[in-house]
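Quick heads-up: structures coming right below.
Heads up, the next two complexes both have subunit A, just with different partners, subunit B and then subunit C.
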Partner chain A sequence: MPLFGSLCLILALLISAWSLVASALGALTRSRSLIASGERSSLAVTAVLGIASSALTFLFLTDRFDVEYVASYSSRAMPSLFKVAAFWGGHAGSLLLWVLVLSTFSAIVVLQNRHQNRGLIPYVVATLSGITVFFLMLLNFTSNPFDLLGFTPPDGKGLNPQLQTPLMAIHPPCLYLGYVGVSVPYAFAMAALMSGRVGDVWIRTTRRWTLFAWLFLGVGLLLGGYWAYIELGWGGYWAWDPVENAALMPWLTATAFLHSVMIQEKKRMLKVWNMSLIILTFILSIFGTFLTRSGVISSVHSFAKSGVGTVLAVFLGAVITFSVTVLVWRLPRLQSEGRLDSFVSRESSFLFNNLLLVGICFTVFWGTIFPVLSEAVRGVKITVGPPFFNTVNFPLAMALLALTGICPLIAWRRASASHLMRVFLYPASLAMAVFGLLLVLGIRDLSPLVAFTLCAFVLGTMFYEFYRGSRARQRSTGESFLLALGKLIGKNRRRYGGYTVHVGVVFILMGVVGSSFFRQEATFSLRRDQTVQAGRYTIRFQDTASSSDEHMDRFEAILGLSRDGREVGHLRPGRNFYKSFNQPSTEVDIHSTLSEDLYLILIDFDAQSGLATFKYYLNPLVNWIWIGWIVLFVGTHLAVWPDPRERALLARSRLIEERTFA
Partner chain B sequence: MLRSAVRFGLFLAMLLPAAPASPSTQEAVDAVTAKLICDCGCTNLTIKECTCGKADRVRAEVSARLDAGQTPAQVVSAYVDEYGEQILAAPTAKGFNLVGWLAPFAALLLAASFLILALRRWARVPWHEPPLAPLGGGGPRAPDPSFLKRVQDDIDDVER
Partner chain C sequence: MTGGRLSRISPKIAISVAILLAAFATLVSLSFRGSMVYYLSVSEFLKHPPSNLDDHFRVNGKVVPGSISKQSGVLGADFDMTDGQGIVKVAFRKELPDTFVDDAEVVVEGRMKEGVFEAHTLLAKCPSKYESQQKASYSASP
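Here is the complex of A and B:
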């Protein structure tokens, strides 16, 4: 079976290389049979990789520890779910998952576009196959998950126990769906440049792909943060770790891209900028892989495998050179066809939004690589940690938040002063009211005051937008308010989906600001039946309990919890000792409410004296982060749902393009 | 421009050293330990936040040093002397490190200036649209201003 898997990988490499050659030649010579052969090959690669992946899964499920990769990341005692998830627990397997996702996306693109976009698709297939070939070479020549040990150990090392949660099982695949998803709009962009069809067909065709990639990259980030929060026991969810940064950067540029393409669609402007943004996003997604797998920067996430780093760096260089060359070659065709009607307009506010998003991305990039730079220049190692990122990004994030509120209020094309006054009145009043309320509540710190006031302003804007649209509809159709609201959203899914996403983002920021500026924490020791006060909560240490099963021994403390004198339940923080891993892991327990989390960790228990030491964090508003993500998820789905109007616009753009190239 | 200036001011204010707190309080320990990074290799956390055993020890040490009468600044520099600059969670705002702190703002200001220039140019240069026919005696009458306003409001409501 391992040999069979290795053969599949070689076969996949050969077929995808043919797909690259056939598609490229087919595009140049306009040979229909070559193009068709390239398309069919890219479908075949998916099938072969699917078989290889099933083989690896099978090896994990059958405990084949003679395979090095299985022995390193699985063990007999692990539940089946985690044996399956161990597939992507290490470098080689996660690389296989990466190409599997990439080739599946290529296959979907081929099936979706075979009968349309004839001019673009050979180039798209060639680009996607090129990327696939590279990753398959990496897999075949540096990191084959089917490599044999030469002997069969009695048991495997097993997956790190902290990774043995369902969240960890889906966090990497989500991220990969995002990282790899970016390849599709990138391939279309390259196809547009190479074929010279640089209108908005490529943008409209890939709009949903971009949203999909953006969403999953975001969901991957969220799951990682949520996992850190409930699993790692430091009460936080984001540490500006280099690999977190690596996933955040393409997400930021993709966010900028999602906004700026609207201007190309409406105004046929910013063609070069949009090309640059999607190229940058793709480069950053490869850079993320490079950071994770090269060992250049040490991180909790890194797979650090020698040799891979150099190869990835070369690939990164090749992608940059290729993309920039093609872009510069086509510059003459990328001139703006439109113009701005006014300096104060929705268009220009979108550009400032782009500036800030790319600015934040640059800050993250700069902070991530500055230690390397400093060592090269001064020979001194320094650390660029969370204080740097928080300090520099906070003002940028606030400016961006303010724009989120202002932008929808400014009309497309041209905004008049009277119009601005009219639409700003309600949201601005709400923001001022919230500002006053915060002062009355005793908040004097400038940063959270500004942040919460802006959050209120943006929420005000968004709800006002929904209200105003529904009222206008109600007036003209006579529908009931709720029906008008539903129809309004249904008929403008893209816009109101977008607004919903913004509401989600505001919730997330509320949670981040609340839990960063108003967090309380303390360490305390209790004997049985002693109590301690944590904010409005009284915590009483009641008892201890221990249990044991085939995987681990568990010890936990049982604490009674009451708020303002009323019983609200029990908390059971504990420690697990996994048998296959000789290390204890902290098991947090959390009492969650919408206003705050009481987050409790058991630090130590001295059986002789009966003294237990705990640490609590009171994290205000932290749940709004997770709620915000749910809202964002729903909003994105509204925007992604097939929309007849978007389809009609795409068909029109295609028609225009066909006429131009006929 | 004004916003950038304010932002820069805020940023400078954040770089100012914190006033020395009285020794041994939890706040004083937190203030020092928030400036030090934990290199235990689990996550990218400061000594204040990290949950590993090493961070526990350093926190106790910092508390003891403050109790012994050292100022927070002395405690921090003692750690820098021992472990080098990389123990600091964020670079000092001195020398080459200033490049690290200021580059993002400089880049943003530069890009913003370019953007503003470009926007002004785009908004000024007319494109495609032919010049309006001069209004003569026989030409069309200028529309009623109240009618124009209604049209503009309707457009606003539709487009937004």
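Here is the complex of A and C:
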């Protein structure tokens, strides 16, 4: 079976190399048979990699510890779910997952485009196969998950207990769906440049792919943050660690891209900018892969110094050279057909939105790679901490938030003053009311004041947009308000899906601001039946409990919790001691409400004196981060749901393009 | 490359973009200077502690096995940290992460005081997916 798996990987490499060659030659010579062969080969690669991945899963499930990779990440005692998840627990397996996802996406692209985009497809398949070839070379020559140990240990090492949670099982695949998903719009962009078909067909064709990749990168970020929050026991969810930044950067540029393509679709402007953004997004997603594996940048997460760093760097260099060359070659065809007329127009608000997002991305990039740069230039490593990221990004994020509220209210091209007065009245009044309320509540710190006021403004705008649209529809059709609202959204899914996403983003920012500026924490020691006050909560240490099974010993403290004198439940923070890992694990317990989380950690328990030491964090509004992501998730689905209007626009663009190229 | 595009953007917008960029650059450089910290290994730190960035450092190394000493009733621990060449004594007085064990890779931030490095933050490398030390231990076994 391991040998069979290795053979599959070699076979996949050969077929995908052929797919690259056949598609590239087919595109140049316009040979239908070569193009078809390239497409069929790319389907075959998916099948072969599917078999290889099943083989690896089978090896995990059957405890084949003579395979080094299985022995390193699985053990007999692990539940089957985690044996399956151990597939991507290590470097080699996660590479295999990466390339499996990529080839599956390629196959879907091929199947979707059997009868459309024929002028682009050979180039698309060639680009995607090129990427596949590279990752298969990495798998075959540097990190093969089917490598044998040469002996059979009695049991495997097992997956680290902190990673044995369902969240950790789905977090990496989500990130990969995002990282890899970016390849599809990138491949279409390259195909557009190479074929000269640089109209908006490639953009409209890949719109849903881009949204999909963007959503999963985001969900990956969310799950990582949420896991850190409930599992690691430091009360936070984001630390500006290089690994987190690596996933954030392509997400930011993809966000910029999603916005700026609208300008190209509507106004045929910013073509070079859009190309640059998608190239940048793809490069950053490869860079992210590079960052998490190379060991170049140290992080709290430990990396394998697997030696793939240099290889990935070379690939990165090749991608940049190739993309920039093709882009420069086609510059004459990327002339803008419109003009940015007015300062107060939707176009310019999109422009500023893009500058801000790229600015945030640049800040994150600069702070992340600075240690490497300073070591190369000055011979000494200098790092910058979270304060840098926070001070620079906070004003940028606030400007972005303000734009989110302003943009839907101002018209395309040029907005008139009286129109502006009318539409700004309600959202601005709401914002001022919230501002006043915050002052009354005693908040004097400028940053959160501004942030919450802007959040209120944007929410007001969004509510007003939904309301105004539904009322207009109600007046013309005589439908009930709710029906009008439903139909309004149904008929303009992209627009109102987008607004819903913005509402989600506002919720997330509310949560971030609340939990960053108003967090309280304290360490305290209690004997049994003693109490301590934490904000509005009274915490009483009641009892301890311990249990034990074959994998771990568990010790927990039981604390009664009351708020404003009323009982609200129990918290049971504890410590697990995993026998096979010889490592304790703090198990936090959280009392969650919409207004705040009481997050409790057991630090120490001295059995002799009966003194237990705890730490609590009061994190206001933190749950709005997770709620915001759910809203964002729903909104994105609204926006990607097939829409007859979008389809008609795409068909029209295709027709125009076919006529140009006939 | 941008010439063609810029000519299609009104001067008003071009100027405000320029102002924004300037403000951004100022913001970056100002906050950057404020948060720079030297990141050194134990022996680099001992050999040549550069001092133009405050006397505040970030030092990485490994926990010397057996050196961790904890007092009951006091948070944190005292331990020795090494990179194989030099050793520095570290005192940390906050709650310790689970990953802080003998031989763990740690990064501490703080300053030297009377021969002891007083750390105000301590990171111990958390168990990530890409762990490969296990590989080494397998290859070493018969």
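Just so we're on the same page, the second predicted complex is superposed on the first by the 655 of 662 C-alpha atoms of A that agree within 3 Å, B and C clash if a C-alpha of one lies under 4 Å from a C-alpha of the other, contacts with A are read in each partner's own complex, and residues count from 1 in each chain.
The rule is simple: a contact is a pair of C-beta atoms (placed from the backbone, for glycine too) under 8 Å apart; a residue touches a chain by one contact, two chains touch by 3 or more.
Everything numeric here is computed off the predicted structure, so don't read it as measured data.
Engineer: So, on subunit A, is it clash or fit between subunit B and subunit C?
Structural biologist: Subunit B and subunit C clash in the superposed model.
Engineer: Tell me which partner A:L149 touches in the superposition: subunit B (first), subunit C (second), both or neither.
Structural biologist: Touch status of A:L149: second partner only.
Engineer: Quick one: is A:T62 in contact with subunit B, with subunit C, with both, or with neither? Answer first, second, both or neither.
Structural biologist: It touches nothing on subunit B or subunit C.
Engineer: Quick one: classify A:T321 as touching subunit B (first), subunit C (second), both or neither.
Structural biologist: Neither subunit B nor subunit C is touched by A:T321.
Engineer: Using the touch definition from the top, say if A:Q583 reaches subunit B (first), subunit C (second), both or neither.
Structural biologist: A:Q583: touches subunit C, not subunit B.
Engineer: Thinking of the overlay built on chain A, is A:G233 touched by subunit B (first), by subunit C (second), by both, or by neither?
Structural biologist: In the superposition, A:G233 contacts both subunit B and subunit C.
Engineer: Figure out whether A:E465 sits in contact with subunit B (first) or subunit C (second), or with both, or with neither.
Structural biologist: After superposing on A, A:E465 lies in contact with subunit B but is clear of subunit C.
Engineer: Check the residue A:V392 against both partner chains and state whether it touches subunit B (first), subunit C (second), both, or neither.
Structural biologist: both
Engineer: May I ask you to decide whether A:V377 touches subunit B, subunit C, both, or neither, giving the answer as first, second, both or neither?
Structural biologist: Once the two structures are laid over each other on A, A:V377 reaches subunit B alone.
Engineer: Determine, under the contact definition given at the top, whether A:W366 touches first (subunit B), second (subunit C), both, or neither.
Structural biologist: A:W366 sits against subunit B and subunit C alike.
Engineer: Given 63-71, 81-89 or 117-125, which one is the stretch of subunit C whose C-alpha atoms run into subunit B?
Structural biologist: Superposition on chain A puts subunit B right on top of 117-125.
Engineer: Return the residues of subunit A at which the contacts from subunit B and from subunit C coincide.
Structural biologist: The overlap between the subunit B and subunit C interfaces on subunit A comprises residues 232-234, 269, 298, 300, 336, 338-343, 348, 351-352, 355, 359, 363, 366, 371, 380-385, 387-388, 391-392, 395-396, 586, 601.
Engineer: Along subunit B, where are the residues that touch subunit A in the complex?
Structural biologist: 3, 7, 10-11, 14-15, 26, 34-35, 37, 41-46, 49-51, 84-91, 95-97, 100-101, 103-105, 107-108, 111-112, 115, 119-120, 122-123, 125-128, 152-153, 155-157, 159-160
Engineer: Would you tell me which residues of subunit C are touching subunit A in their complex?
Structural biologist: 1-2, 4-5, 8-10, 12-13, 16-17, 20-21, 24, 27-28, 31-32, 34-40, 44, 50, 53, 58, 60, 72-73, 75, 95, 97-99, 101, 105, 107, 123, 125-132, 134-135, 138, 141-142
Engineer: Can you list the residues on subunit A that touch subunit C in the complex?
Structural biologist: Against subunit C, subunit A makes touches at 68, 71-72, 88-91, 94, 149, 151, 153, 157, 160, 162-163, 172, 232-234, 243, 269-270, 272-273, 292-293, 298, 300-306, 328, 331, 335-336, 338-343, 348, 351-352, 355, 359, 363, 366, 371, 380-385, 387-388, 391-392, 395-396, 523, 525, 582-586, 601, 603-604, 606, 609, 611, 613, 615.
Engineer: Residue numbers of subunit A touching subunit B in their complex, please.
Structural biologist: 228, 232-236, 239-242, 269, 298-300, 336-343, 348, 351-352, 355-356, 358-359, 362-363, 366-367, 370-371, 373-374, 377-378, 380-388, 391-392, 395-396, 399, 408-409, 411-413, 416, 419, 446, 465, 468-469, 472, 522, 586, 601
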